[in-house]
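Take a look at the structures listed below.
In the two complexes below, chain A is the common chain; its partner is chain B in one and chain C in the other.
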Partner chain A sequence: MRTKIILALGAITLPFLLRNLHMIIFLVPDDLEQGPVYRIFYYHLPPYFVAAMGYFTAMVASILYLVKKDQKYDAIAVSATEIGLAFAAVNLITGMIWGRISWGIWWAWDARLTWALIGWLVYFGYLVLRRAIDDPTERAKISAVLSIFASASVAITYKAIEWWRTQHPGPVLSIRTGGGTLDPAMENMLYENTLALLLLGAIFLLVRLRQEEVQREIDGLRRFVHAGN
Partner chain B sequence: MTMLRHAAVIATKDLRSELRTKESINSTLSFSVVILLLFAFAFDPSPDMIAEFGGGLLWIVFVFAGALIVNRSFARELPNDCIDVLVSSPASGASLFLGKALASFVLLAGVECICLPAFGILYNVTWWRSLGGLIGVLALGTWSMACVGTFFSALTVNLRLRELMLPMLMYPILIPSLLSAMMLTNTLLTGQPIPSDFTVWLRLLIGFNIIFTTLSVYLAETVLVR
Partner chain C sequence: MDERNITFMFYGLAVAWGLLALYAVLLGLRERDLTKQLDTLKRMVEEKK
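== the complex of A and B ==
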C-alpha cells in the first residue's frame, strides 16, 4: 500500500516540479530591481518551509514517542529530521549563492542567516547523538528529548528575527505584508513550488521511513540471532 | 516544597563533594586563566578593543569553564553506580536535576568571581562601575549555562565520547542566551546602564531561562529514569 502511495505521489510530483522549473526559468517575470537572479528565491524560501515542516513533524513525533513509547514515532522523528536538514541545507546554500551576487559576499552575520545555520547545527547534533547510543529504547528517548529542546531553540530562532536588526530582506508574502510588494504571478509561483517541494519532502519521508523500519527489523533479527547463540 | 528541599540536599552534597576533592574547580580555574592569557597573546588588545569585545571574551571564558563543570555534574555519579542510587532515591528527577543545576551554578559563579578580577587586572578594565547590573546579567547567563549544561550532562552521561558530545550539543542551544549576555556585559563593562534599546537582550535572556528551565525540569524525570 505504501509503495503505491509513494509511486502515486511521485507521478504527481515529478511533472509538477518540471512544470514549475519551466515556469520559473521562462515564464515568471524578472524582478524590477534584481533582474533574473531573484529566481533562485523559488528554491530558497520553499525549502525553508519544507525544512520547518520536517522539524515540526520531528517535534510532534518526539512528543508522541515520549507519551506512547512506540518506536514508530522515533522512526518518524529521525526521518523527518534528516529531511528537514537536507532541505535546510538547500535553503542555506541557495541563500549563500544569492548573497554572493546581491550583497557581494557568501556569508553575512545576519540574524536570520546565522540562526538558520545554528538550527542546522542543533539538528545535526541530534543525528550525531543518535549514532552514539546503541540501545534502541534509550536512543529513542534521549533523541526525543533533544528534539524537543531543538524545536524550542528553532522557535526562538523564528522569533529572533522580530527582535534583531537584520540585513536579510524583509517578509515578501502578502499574508505578512498585506500585499503590494510582490507581483501576484511571482507569489503564486512561490506557493506552487512550495507545494511541489512539500510533496517531494513527503515522498522522501515515506521512503526514509521504510528504510528505517527495514533497518530496525534487521537489527532486531541480528539481536535475536546473537541471543540464540 | 519537598522538591526544593530535595534539590537543596542534592546541591549541598555536590558542593561538599566538590569542595573536598576540588576535582573540577581547580582545573576549571587554571583553564580559565590560560584562556584569558591566550586571548591577550592572540589579539594584543588595546583599551578600545577591550571596550568593544571585553564582554564576549569574558563569556567565552565562562562558557568553556562551564562545559568542564557541567560535564562533571552527572559524570561524578558514575563510579560505584551512584547515579542509580540517586535515581531510585525518594528525590524526583526534577529535584535531582535542580539540585545538580544549583551546584553547577554556584561552582560557575565561584569561577566567575575569580575570573572577573583577573580579567580586570590583565586587561586593565574597571569592571565594577555598573556592578549591580553586571551581577544580574552574570547570574542570568550563568543560570542558563548551568541549567542547559546540567540537563545535557544528564542526557549524555552514559554516552561514548561524552566530553565531546556535551559541548557540541550545548553550545548551539545556548547561543541566544550567550549572545544576549555578551551584548549586555559589553555595555555594563563601560560603566553605562543598560540602554533602552538593549532591554530586548535582557528580555531574551530572561525568556530563554524561563523556557529552558521549565523544559528541563519537566523532562528531567524522563531522561534520568532508565
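== the complex of A and C ==
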C-alpha cells in the first residue's frame, strides 16, 4: 500500500516540479535590479519551508516519543530530521550562490545565515549522536530531548530577519508584510514551488520511514540469529 | 530574459536539483542495501529452523 502511495505521489510530483522549473526559467517576470539570478529565490526559500516542516515534525514526534515511549515516533523524528537537513543544505548553498552576485560575497556572518547554519549543524549533530548510542531506548530518549531543544533554532532563524536587521533582506512575503513587496506572479510561483517541494519531501519521508521499519526488522532478526549461536 | 548573471542562476538551479537528486540516489542505495541484508537474515533464520 505504501509503495502505491509513493508511486502515486511521484507521478504527481515529478511533472509538477518540471512544470515549475519551466515556469521559473522562462515565464516568471524578471527582477529589474538583480536580473535572472533572482530566480534562485524559488529554490532558496521553499526548501527552507520544507526543512522547517521536517524539523517541526521531528519535534512533535520527539515529544510524542517521550510521552508514549513508542519507537514509531523515534523513527518519524529521525526520518524527518534527515530530510530537513537535505532541504536545509539546498537552502544554504543556493543562498551562497545568490549572495555571491547580490552581495558580492559567498557568505556573511549575518543573523539569519548564522542561525540557519547553527540549526543545520545541531541537527547534523543529532544524526551523529544517534550513531554513537547502541541501546535503542537510550538513543531515542536522548535524541528526542536534543531534537526538542534544536527546534528553537528554527524559530530563531524565522524571526532573525525581524529581530536583527543585518545583511539578509527583511520579510518579503505578503503573509508577513501585508503585501506590496513582491510581484503577485513571483509570490504565487514561490508558493507553487513550495507545494511541489513539500510533496517531494513527503515522498522522501515515506521512503525513509519504510527504511527505518526494515532496519528494525533487521535488528530483531540479527538478535534472533545471534541468540541461537 | 535579461542575461545578466545567467550563469549563476543556472549554478543555483543545478545545485538545488543536484542535491535533491543526490539525496534520492542515496535513499535508493540504502534501500537496496537494507533489502539485501533482510533477505540474507531471513535465509539464515529459515536455515536455523
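Annotations for the structure displayed:
Throughout what follows, the second predicted complex is superposed on the first by the 223 of 229 C-alpha atoms of A that agree within 3 Å, B and C clash if a C-alpha of one lies under 4 Å from a C-alpha of the other, contacts with A are read in each partner's own complex, and residues count from 1 in each chain.
The rule is simple: a contact is a pair of C-beta atoms (placed from the backbone, for glycine too) under 8 Å apart; a residue touches a chain by one contact, two chains touch by 3 or more.
Source: prediction; values computed, not measured.
By the document's definition of touching, of the two partners only chain C reaches A:Ile40; chain B does not.
The wider contact with chain A, measured as residues touched, comes from C rather than the other of chain B and chain C. Of the two partner chains, neither chain B nor chain C is touched by A:Trp109.
By the touch criterion defined above, A:Ala152 reaches chain B but does not reach chain C.
In the overlay built on the shared chain, the residue A:Gln215 is in contact with chain C alone; chain B does not reach it.
Remark: chain B residues 151, 155-156, 158-161, 165, 168-169, 172-173, 175-176, 200, 204, 207-208, 211-212, 215, 219, 222-223, 226 touch chain A in the complex.
For chain A in complex with chain B, the residues that touch the partner chain are 66, 118, 121-122, 125, 128-129, 132-133, 138, 141-142, 145-146, 148-150, 152-153, 156, 160, 163-164. Residues 1-6, 8-9, 11-13, 15-17, 19-20, 23-24, 27, 30-31, 34-35, 37-38, 41-42, 44-45, 48 of chain C are the ones touching chain A in the complex. Those residues of chain A lying in contact with chain C across their complex are 21, 24-26, 30, 34-37, 39-40, 43-44, 47, 86-87, 89-90, 93-94, 97-98, 100-101, 200, 204, 207-208, 210-211, 214-215, 217-218, 221-222, 224-225, 228.
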